[in-house]
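By written order: A, B, C and D. Residues from 1 in each chain.
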Amino acid sequence: MNLKIALFGIAKEIVGQPMLEITAPADQPVQELLEQLRTQYPALRGLSSLAVAVNNEYAEGSQLLHERDEIALIPPVAGG
Amino acid sequence: MNLKIALFGIAKEIVGQPMLEITAPADQPVQELLEQLRTQYPALRGLSSLAVAVNNEYAEGSQLLHERDEIALIPPVAGG
Amino acid sequence: MITIDLTDQPIDVAATLELVQSDGAGAVNTFIGTVRNKSTGRPVVRLEYEAYDSMALHQLRKVADQAKEQWPMLEKVAVIHRKGTLQIGDVAVVVAVSTPHRAESFAACQYIIDTLKQVVTIWKKEFYEDGDVWVAAHP
Amino acid sequence: MITIDLTDQPIDVAATLELVQSDGAGAVNTFIGTVRNKSTGRPVVRLEYEAYDSMALHQLRKVADQAKEQWPMLEKVAVIHRKGTLQIGDVAVVVAVSTPHRAESFAACQYIIDTLKQVVTIWKKEFYEDGDVWVAAHP
(Lines give C-alpha, C1' and ligand atoms only; values in the text may rest on other atoms or scores of the structure.)
Protein backbone atom coordinates (compact mmCIF):
# COMPACT_ATOMS: atom_id res chain seq x y z
CA MET A 1 0.00 0.00 0.00
CA ASN A 2 1.04 3.64 -0.38
CA LEU A 3 1.39 5.78 2.75
CA LYS A 4 1.72 9.55 3.02
CA ILE A 5 3.57 10.65 6.12
CA ALA A 6 3.44 14.27 7.27
CA LEU A 7 6.65 15.59 8.79
CA PHE A 8 7.17 18.38 11.31
CA GLY A 9 9.90 20.24 13.13
CA ILE A 10 13.28 18.56 13.20
CA ALA A 11 11.91 15.43 11.45
CA LYS A 12 10.99 17.61 8.47
CA GLU A 13 14.51 19.04 8.49
CA ILE A 14 16.16 15.61 8.70
CA VAL A 15 14.10 14.19 5.84
CA GLY A 16 14.35 17.43 3.90
CA GLN A 17 10.68 17.65 2.90
CA PRO A 18 7.29 18.18 4.62
CA MET A 19 5.64 15.00 3.27
CA LEU A 20 7.00 11.54 2.53
CA GLU A 21 5.30 9.02 0.27
CA ILE A 22 6.39 5.44 0.78
CA THR A 23 5.33 1.97 -0.26
CA ALA A 24 4.71 -0.46 2.60
CA PRO A 25 3.24 -3.96 2.99
CA ALA A 26 -0.52 -3.96 3.72
CA ASP A 27 -1.39 -3.73 7.45
CA GLN A 28 2.12 -2.69 8.40
CA PRO A 29 2.42 -2.04 12.13
CA VAL A 30 3.61 1.38 13.32
CA GLN A 31 6.85 0.02 14.78
CA GLU A 32 7.92 -1.37 11.39
CA LEU A 33 7.24 1.93 9.68
CA LEU A 34 9.38 3.63 12.34
CA GLU A 35 12.18 1.13 11.84
CA GLN A 36 12.01 1.60 8.06
CA LEU A 37 12.26 5.38 8.43
CA ARG A 38 15.09 5.18 10.95
CA THR A 39 17.05 2.98 8.58
CA GLN A 40 16.47 5.37 5.71
CA TYR A 41 17.18 8.51 7.82
CA PRO A 42 19.63 7.50 10.57
CA ALA A 43 19.58 11.02 12.09
CA LEU A 44 16.07 10.19 13.37
CA ARG A 45 17.76 7.78 15.84
CA GLY A 46 19.40 10.75 17.54
CA LEU A 47 16.08 12.28 18.68
CA SER A 48 14.89 12.16 22.31
CA SER A 49 11.69 10.48 21.13
CA LEU A 50 9.87 9.73 17.90
CA ALA A 51 6.18 8.86 17.79
CA VAL A 52 3.72 8.15 15.03
CA ALA A 53 0.28 9.74 14.94
CA VAL A 54 -2.59 8.13 13.10
CA ASN A 55 -5.68 10.26 12.47
CA ASN A 56 -4.63 12.84 15.09
CA GLU A 57 -4.02 10.28 17.86
CA TYR A 58 -0.73 8.92 19.16
CA ALA A 59 -0.37 5.32 17.90
CA GLU A 60 0.99 2.29 19.74
CA GLY A 61 3.82 0.39 18.03
CA SER A 62 1.53 -2.55 17.34
CA GLN A 63 -1.20 -0.49 15.62
CA LEU A 64 -1.73 -1.53 11.98
CA LEU A 65 -1.60 1.15 9.31
CA HIS A 66 -4.04 1.50 6.44
CA GLU A 67 -3.80 3.35 3.16
CA ARG A 68 -6.38 6.01 4.02
CA ASP A 69 -4.86 6.82 7.44
CA GLU A 70 -3.58 10.34 8.09
CA ILE A 71 -0.08 9.51 9.32
CA ALA A 72 2.44 11.88 10.86
CA LEU A 73 5.88 11.53 12.39
CA ILE A 74 6.04 13.29 15.77
CA PRO A 75 9.47 14.37 17.06
CA PRO A 76 9.69 15.68 20.68
CA VAL A 77 7.00 18.33 21.12
CA ALA A 78 7.79 21.67 22.79
CA GLY A 79 4.64 23.75 23.01
CA GLY A 80 3.81 26.19 25.75
CA MET B 1 -3.60 55.42 80.23
CA ASN B 2 -6.09 56.26 77.48
CA LEU B 3 -6.34 53.89 74.50
CA LYS B 4 -8.06 54.44 71.19
CA ILE B 5 -9.23 51.24 69.56
CA ALA B 6 -10.22 51.16 65.90
CA LEU B 7 -13.11 48.82 65.10
CA PHE B 8 -13.97 47.09 61.83
CA GLY B 9 -16.57 44.81 60.30
CA ILE B 10 -18.76 42.94 62.71
CA ALA B 11 -16.82 44.29 65.72
CA LYS B 12 -17.77 47.80 64.68
CA GLU B 13 -21.42 46.68 64.43
CA ILE B 14 -21.36 44.99 67.84
CA VAL B 15 -19.84 48.00 69.58
CA GLY B 16 -21.96 50.42 67.52
CA GLN B 17 -19.17 52.84 66.66
CA PRO B 18 -15.94 52.85 64.58
CA MET B 19 -13.62 53.94 67.41
CA LEU B 20 -13.59 53.18 71.11
CA GLU B 21 -11.77 55.25 73.72
CA ILE B 22 -11.09 53.48 77.00
CA THR B 23 -9.06 53.97 80.13
CA ALA B 24 -6.71 51.13 81.00
CA PRO B 25 -3.89 50.54 83.50
CA ALA B 26 -0.44 51.44 82.15
CA ASP B 27 1.31 48.59 80.28
CA GLN B 28 -1.86 46.56 80.02
CA PRO B 29 -1.29 43.32 78.10
CA VAL B 30 -3.36 42.61 74.98
CA GLN B 31 -5.19 39.66 76.58
CA GLU B 32 -6.52 41.85 79.38
CA LEU B 33 -7.78 44.46 76.94
CA LEU B 34 -9.56 41.66 75.05
CA GLU B 35 -11.12 40.34 78.26
CA GLN B 36 -12.27 43.83 79.23
CA LEU B 37 -13.91 44.34 75.82
CA ARG B 38 -15.56 40.91 75.84
CA THR B 39 -17.03 41.65 79.25
CA GLN B 40 -18.35 44.99 78.09
CA TYR B 41 -19.62 43.64 74.72
CA PRO B 42 -20.51 39.95 75.26
CA ALA B 43 -21.46 39.47 71.58
CA LEU B 44 -17.71 39.60 70.82
CA ARG B 45 -17.45 36.17 72.48
CA GLY B 46 -19.59 34.70 69.69
CA LEU B 47 -17.02 35.46 66.96
CA SER B 48 -14.88 32.72 65.36
CA SER B 49 -11.78 34.65 66.35
CA LEU B 50 -10.83 38.06 67.70
CA ALA B 51 -7.32 39.47 67.44
CA VAL B 52 -5.70 42.74 68.40
CA ALA B 53 -3.42 44.61 66.05
CA VAL B 54 -0.80 47.02 67.35
CA ASN B 55 0.83 49.35 64.84
CA ASN B 56 -0.38 47.26 61.87
CA GLU B 57 0.95 43.96 63.27
CA TYR B 58 -0.96 41.13 64.91
CA ALA B 59 -0.18 41.20 68.63
CA GLU B 60 0.42 38.28 71.00
CA GLY B 61 -1.77 38.15 74.13
CA SER B 62 1.23 38.99 76.31
CA GLN B 63 2.23 42.11 74.38
CA LEU B 64 2.05 45.27 76.49
CA LEU B 65 0.05 48.22 75.22
CA HIS B 66 1.18 51.83 75.30
CA GLU B 67 -0.73 55.05 74.99
CA ARG B 68 0.67 56.03 71.59
CA ASP B 69 0.03 52.60 70.01
CA GLU B 70 -2.32 52.36 67.03
CA ILE B 71 -4.64 49.65 68.30
CA ALA B 72 -7.35 47.82 66.35
CA LEU B 73 -9.75 44.98 67.06
CA ILE B 74 -9.59 42.39 64.27
CA PRO B 75 -12.62 40.11 63.85
CA PRO B 76 -12.28 37.16 61.39
CA VAL B 77 -10.92 38.53 58.10
CA ALA B 78 -12.49 37.55 54.78
CA GLY B 79 -10.55 39.18 51.95
CA GLY B 80 -10.05 37.68 48.52
CA MET C 1 9.36 44.51 41.87
CA ILE C 2 6.27 44.39 44.05
CA THR C 3 3.08 46.36 43.42
CA ILE C 4 0.41 46.46 46.14
CA ASP C 5 -2.87 48.32 45.98
CA LEU C 6 -6.20 48.58 47.73
CA THR C 7 -8.74 50.51 45.72
CA ASP C 8 -12.40 51.48 45.66
CA GLN C 9 -12.25 51.69 41.85
CA PRO C 10 -12.80 48.73 39.46
CA ILE C 11 -9.57 46.73 39.03
CA ASP C 12 -8.03 46.84 35.55
CA VAL C 13 -6.93 43.23 35.11
CA ALA C 14 -5.03 43.81 31.85
CA ALA C 15 -3.07 46.67 33.41
CA THR C 16 -2.25 44.46 36.41
CA LEU C 17 -0.91 41.75 34.12
CA GLU C 18 1.31 44.29 32.39
CA LEU C 19 2.81 45.19 35.77
CA VAL C 20 4.40 41.73 36.03
CA GLN C 21 5.61 41.37 32.45
CA SER C 22 9.35 40.86 32.29
CA ASP C 23 11.63 39.78 29.46
CA GLY C 24 13.35 37.39 31.85
CA ALA C 25 10.11 35.76 33.01
CA GLY C 26 8.60 33.11 30.77
CA ALA C 27 5.73 32.32 33.14
CA VAL C 28 2.97 34.51 34.51
CA ASN C 29 0.35 33.07 36.83
CA THR C 30 -2.68 35.11 37.75
CA PHE C 31 -5.48 34.50 40.21
CA ILE C 32 -8.62 36.57 39.83
CA GLY C 33 -11.29 36.43 42.52
CA THR C 34 -14.72 37.58 41.37
CA VAL C 35 -18.06 37.97 43.14
CA ARG C 36 -20.12 34.79 42.76
CA ASN C 37 -23.89 34.85 42.40
CA LYS C 38 -24.26 32.49 45.33
CA SER C 39 -22.57 31.58 48.60
CA THR C 40 -23.12 28.23 50.29
CA GLY C 41 -26.13 27.82 48.00
CA ARG C 42 -27.75 31.14 48.86
CA PRO C 43 -28.23 33.75 46.08
CA VAL C 44 -26.01 36.79 46.63
CA VAL C 45 -27.12 40.19 45.34
CA ARG C 46 -24.00 42.22 46.19
CA LEU C 47 -20.97 42.40 48.47
CA GLU C 48 -19.30 45.02 50.57
CA TYR C 49 -15.63 44.92 51.44
CA GLU C 50 -14.41 46.96 54.36
CA ALA C 51 -10.68 47.37 54.95
CA TYR C 52 -8.35 48.51 57.70
CA ASP C 53 -6.33 50.20 55.01
CA SER C 54 -2.93 50.86 56.58
CA MET C 55 -2.69 47.36 58.07
CA ALA C 56 -4.09 45.67 54.95
CA LEU C 57 -1.44 47.34 52.78
CA HIS C 58 1.29 46.52 55.30
CA GLN C 59 0.20 42.87 55.52
CA LEU C 60 -0.15 42.53 51.73
CA ARG C 61 3.39 43.73 51.31
CA LYS C 62 4.59 41.28 53.97
CA VAL C 63 2.88 38.41 52.16
CA ALA C 64 4.51 39.43 48.87
CA ASP C 65 7.90 39.78 50.59
CA GLN C 66 7.52 36.31 52.14
CA ALA C 67 6.73 34.87 48.70
CA LYS C 68 9.83 36.54 47.29
CA GLU C 69 11.89 35.01 50.11
CA GLN C 70 10.43 31.56 49.56
CA TRP C 71 10.76 31.72 45.74
CA PRO C 72 13.81 33.93 45.12
CA MET C 73 13.35 33.50 41.35
CA LEU C 74 10.11 35.51 41.54
CA GLU C 75 10.56 38.42 39.13
CA LYS C 76 7.51 40.58 39.76
CA VAL C 77 4.43 40.48 41.97
CA ALA C 78 1.22 42.51 41.83
CA VAL C 79 -1.59 42.23 44.36
CA ILE C 80 -4.61 44.51 43.93
CA HIS C 81 -7.63 44.24 46.24
CA ARG C 82 -10.92 46.05 45.79
CA LYS C 83 -12.98 47.57 48.59
CA GLY C 84 -16.44 49.12 48.82
CA THR C 85 -19.59 47.81 47.13
CA LEU C 86 -19.21 45.09 44.48
CA GLN C 87 -21.79 43.55 42.16
CA ILE C 88 -21.94 39.96 40.86
CA GLY C 89 -19.05 39.33 38.45
CA ASP C 90 -16.95 42.24 39.73
CA VAL C 91 -13.27 41.56 40.34
CA ALA C 92 -12.48 41.56 44.07
CA VAL C 93 -8.80 40.64 43.93
CA VAL C 94 -6.04 40.04 41.40
CA VAL C 95 -2.73 38.36 42.24
CA ALA C 96 -0.18 38.17 39.42
CA VAL C 97 3.36 36.83 39.59
CA SER C 98 6.07 36.25 37.01
CA THR C 99 8.88 33.70 37.21
CA PRO C 100 11.36 32.21 34.73
CA HIS C 101 9.67 28.78 34.93
CA ARG C 102 6.06 27.81 35.40
CA ALA C 103 5.92 25.57 38.48
CA GLU C 104 7.10 28.41 40.72
CA SER C 105 4.56 30.82 39.25
CA PHE C 106 1.69 28.54 40.32
CA ALA C 107 3.16 27.89 43.78
CA ALA C 108 3.93 31.53 44.55
CA CYS C 109 0.57 32.83 43.30
CA GLN C 110 -1.32 30.24 45.33
CA TYR C 111 0.75 31.00 48.43
CA ILE C 112 -0.04 34.70 48.12
CA ILE C 113 -3.82 34.32 47.72
CA ASP C 114 -4.04 31.64 50.44
CA THR C 115 -2.05 33.75 52.90
CA LEU C 116 -3.87 36.95 51.94
CA LYS C 117 -7.14 35.30 52.94
CA GLN C 118 -5.71 34.42 56.35
CA VAL C 119 -4.03 37.65 57.38
CA VAL C 120 -5.12 40.67 55.37
CA THR C 121 -7.46 42.97 57.28
CA ILE C 122 -10.36 43.04 54.87
CA TRP C 123 -13.92 42.10 55.81
CA LYS C 124 -16.67 40.95 53.50
CA LYS C 125 -20.39 41.39 54.01
CA GLU C 126 -22.65 39.39 51.72
CA PHE C 127 -26.09 40.78 50.92
CA TYR C 128 -28.95 38.42 50.07
CA GLU C 129 -32.56 39.12 49.08
CA ASP C 130 -33.53 38.85 52.73
CA GLY C 131 -30.57 39.82 54.87
CA ASP C 132 -26.80 40.09 55.14
CA VAL C 133 -23.91 38.29 56.83
CA TRP C 134 -20.31 39.15 57.73
CA VAL C 135 -18.50 36.23 56.07
CA ALA C 136 -16.61 33.90 58.45
CA ALA C 137 -17.50 36.00 61.51
CA HIS C 138 -19.23 33.21 63.42
CA PRO C 139 -18.30 29.54 63.83
CA MET D 1 -17.68 25.75 27.93
CA ILE D 2 -14.32 25.07 26.32
CA THR D 3 -12.56 27.41 23.90
CA ILE D 4 -9.51 26.14 22.01
CA ASP D 5 -7.50 28.09 19.47
CA LEU D 6 -4.21 27.97 17.61
CA THR D 7 -3.39 31.27 15.96
CA ASP D 8 -0.65 33.05 14.05
CA GLN D 9 -1.95 36.39 15.36
CA PRO D 10 -0.98 38.00 18.70
CA ILE D 11 -3.05 36.56 21.57
CA ASP D 12 -5.44 39.02 23.24
CA VAL D 13 -5.03 38.07 26.90
CA ALA D 14 -7.86 40.29 28.19
CA ALA D 15 -10.28 38.81 25.64
CA THR D 16 -9.20 35.30 26.67
CA LEU D 17 -9.91 36.11 30.32
CA GLU D 18 -13.38 37.33 29.39
CA LEU D 19 -14.07 33.96 27.75
CA VAL D 20 -13.94 32.23 31.15
CA GLN D 21 -15.88 34.80 33.18
CA SER D 22 -18.95 33.26 34.78
CA ASP D 23 -21.30 34.55 37.46
CA GLY D 24 -21.10 31.15 39.15
CA ALA D 25 -17.30 31.08 39.21
CA GLY D 26 -15.55 33.03 41.94
CA ALA D 27 -12.06 31.92 40.92
CA VAL D 28 -10.17 32.39 37.66
CA ASN D 29 -6.64 31.08 37.29
CA THR D 30 -4.59 32.02 34.27
CA PHE D 31 -1.22 30.87 33.05
CA ILE D 32 0.54 32.98 30.46
CA GLY D 33 3.69 31.69 28.79
CA THR D 34 5.84 34.39 27.20
CA VAL D 35 9.08 34.29 25.23
CA ARG D 36 12.06 34.69 27.56
CA ASN D 37 15.18 36.58 26.55
CA LYS D 38 17.32 33.57 27.38
CA SER D 39 17.18 29.79 27.43
CA THR D 40 19.54 27.70 29.58
CA GLY D 41 21.63 30.84 29.95
CA ARG D 42 21.91 31.55 26.22
CA PRO D 43 20.46 34.84 24.86
CA VAL D 44 17.45 34.19 22.61
CA VAL D 45 16.63 36.62 19.79
CA ARG D 46 13.35 35.08 18.60
CA LEU D 47 11.31 31.86 18.46
CA GLU D 48 9.40 29.97 15.84
CA TYR D 49 6.51 27.67 16.69
CA GLU D 50 5.46 25.10 14.12
CA ALA D 51 2.24 23.15 14.64
CA TYR D 52 0.54 20.08 13.26
CA ASP D 53 -2.68 22.02 13.38
CA SER D 54 -5.43 19.41 13.20
CA MET D 55 -3.77 17.15 15.76
CA ALA D 56 -2.76 20.05 18.04
CA LEU D 57 -6.37 21.30 18.18
CA HIS D 58 -7.66 17.76 18.74
CA GLN D 59 -5.16 17.11 21.53
CA LEU D 60 -5.79 20.50 23.17
CA ARG D 61 -9.49 19.71 23.30
CA LYS D 62 -8.74 16.29 24.80
CA VAL D 63 -6.60 17.87 27.51
CA ALA D 64 -9.38 20.34 28.34
CA ASP D 65 -11.96 17.53 28.35
CA GLN D 66 -9.75 15.48 30.71
CA ALA D 67 -9.47 18.47 33.05
CA LYS D 68 -13.24 18.85 33.02
CA GLU D 69 -13.59 15.15 33.89
CA GLN D 70 -11.06 15.40 36.73
CA TRP D 71 -12.52 18.65 38.12
CA PRO D 72 -16.25 18.49 37.31
CA MET D 73 -16.76 21.88 38.99
CA LEU D 74 -14.73 23.53 36.20
CA GLU D 75 -16.99 26.16 34.69
CA LYS D 76 -15.08 27.39 31.65
CA VAL D 77 -11.74 26.69 30.01
CA ALA D 78 -9.84 28.63 27.34
CA VAL D 79 -6.55 27.50 25.81
CA ILE D 80 -5.00 29.67 23.09
CA HIS D 81 -1.61 28.82 21.57
CA ARG D 82 0.35 31.01 19.21
CA LYS D 83 2.31 29.76 16.21
CA GLY D 84 4.72 31.36 13.76
CA THR D 85 7.50 33.81 14.62
CA LEU D 86 7.53 35.32 18.13
CA GLN D 87 9.72 38.03 19.61
CA ILE D 88 10.97 38.38 23.21
CA GLY D 89 8.02 39.14 25.52
CA ASP D 90 5.38 37.87 23.09
CA VAL D 91 2.66 35.66 24.54
CA ALA D 92 3.05 32.04 23.36
CA VAL D 93 0.20 30.44 25.27
CA VAL D 94 -2.67 31.39 27.56
CA VAL D 95 -4.58 28.88 29.70
CA ALA D 96 -7.53 30.27 31.67
CA VAL D 97 -9.99 28.35 33.81
CA SER D 98 -12.85 29.34 36.09
CA THR D 99 -14.18 27.39 39.06
CA PRO D 100 -16.42 28.18 42.04
CA HIS D 101 -13.49 27.87 44.49
CA ARG D 102 -9.84 28.71 44.11
CA ALA D 103 -7.90 25.51 44.86
CA GLU D 104 -9.44 23.75 41.85
CA SER D 105 -8.66 26.68 39.57
CA PHE D 106 -4.95 26.35 40.33
CA ALA D 107 -4.94 22.55 40.01
CA ALA D 108 -6.89 22.44 36.74
CA CYS D 109 -4.88 25.24 35.10
CA GLN D 110 -1.59 23.61 36.05
CA TYR D 111 -2.80 20.21 34.81
CA ILE D 112 -3.70 21.72 31.44
CA ILE D 113 -0.41 23.53 30.84
CA ASP D 114 1.67 20.58 32.10
CA THR D 115 -0.21 18.10 29.87
CA LEU D 116 -0.23 20.48 26.91
CA LYS D 117 3.57 20.53 27.02
CA GLN D 118 3.68 16.74 26.92
CA VAL D 119 1.19 15.92 24.19
CA VAL D 120 0.30 18.87 21.98
CA THR D 121 1.94 18.73 18.53
CA ILE D 122 3.72 22.05 18.54
CA TRP D 123 7.43 22.45 17.99
CA LYS D 124 9.64 25.31 19.07
CA LYS D 125 12.81 26.52 17.41
CA GLU D 126 14.94 28.97 19.37
CA PHE D 127 17.11 31.41 17.46
CA TYR D 128 20.30 32.77 19.02
CA GLU D 129 22.84 35.29 17.72
CA ASP D 130 24.86 32.42 16.28
CA GLY D 131 22.50 29.58 15.46
CA ASP D 132 19.23 27.84 16.24
CA VAL D 133 17.95 24.73 18.03
CA TRP D 134 14.75 22.66 17.98
CA VAL D 135 13.91 22.66 21.69
CA ALA D 136 13.93 19.23 23.40
CA ALA D 137 14.72 17.42 20.13
CA HIS D 138 17.90 15.77 21.35
CA PRO D 139 18.74 14.11 24.68
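The criterion applied here is as follows: contacts are C-beta pairs under 8 Å (C-beta built on N, C-alpha and C of every residue); 3 or more make two chains touch, one makes a residue touch a chain.
Everything numeric here is computed off the predicted structure, so don't read it as measured data.
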| item | value |
| --- | --- |
| Neighbouring chains common to chain A and chain D, by label | none |
| Averaged-CA centre spacing for the pair chain C and chain A, given as whole angstrom | 48 |
| Interchain centroid distance [CA atoms averaged], chain A/chain B, Å | 72 |
| Euclidean distance of C-alpha centroids - chain B vs chain C, Å | 26 |
| Residues of chain A whose C-beta touches two or more other chains | 80 |
| Junction residues of chain C - those touching two or more other chains | 33, 102, 113 |
| Contacting chain pairs - touch in the sense defined above | A-D, B-C, C-D |
| Complex interface listing, chain C residues touching chain D | 13-14, 17, 21, 23-38, 88-89, 100, 102, 105-106, 109-110, 113 |
| Of chain D, residues touching chain A in the complex | 33, 49-52, 54-56, 58-59, 81, 92-93, 113, 116-125, 134-139 |
| Of all residues in chain A, those that touch chain D in their complex | 6, 8-10, 13, 46-48, 53, 56-58, 70, 72, 74-80 |
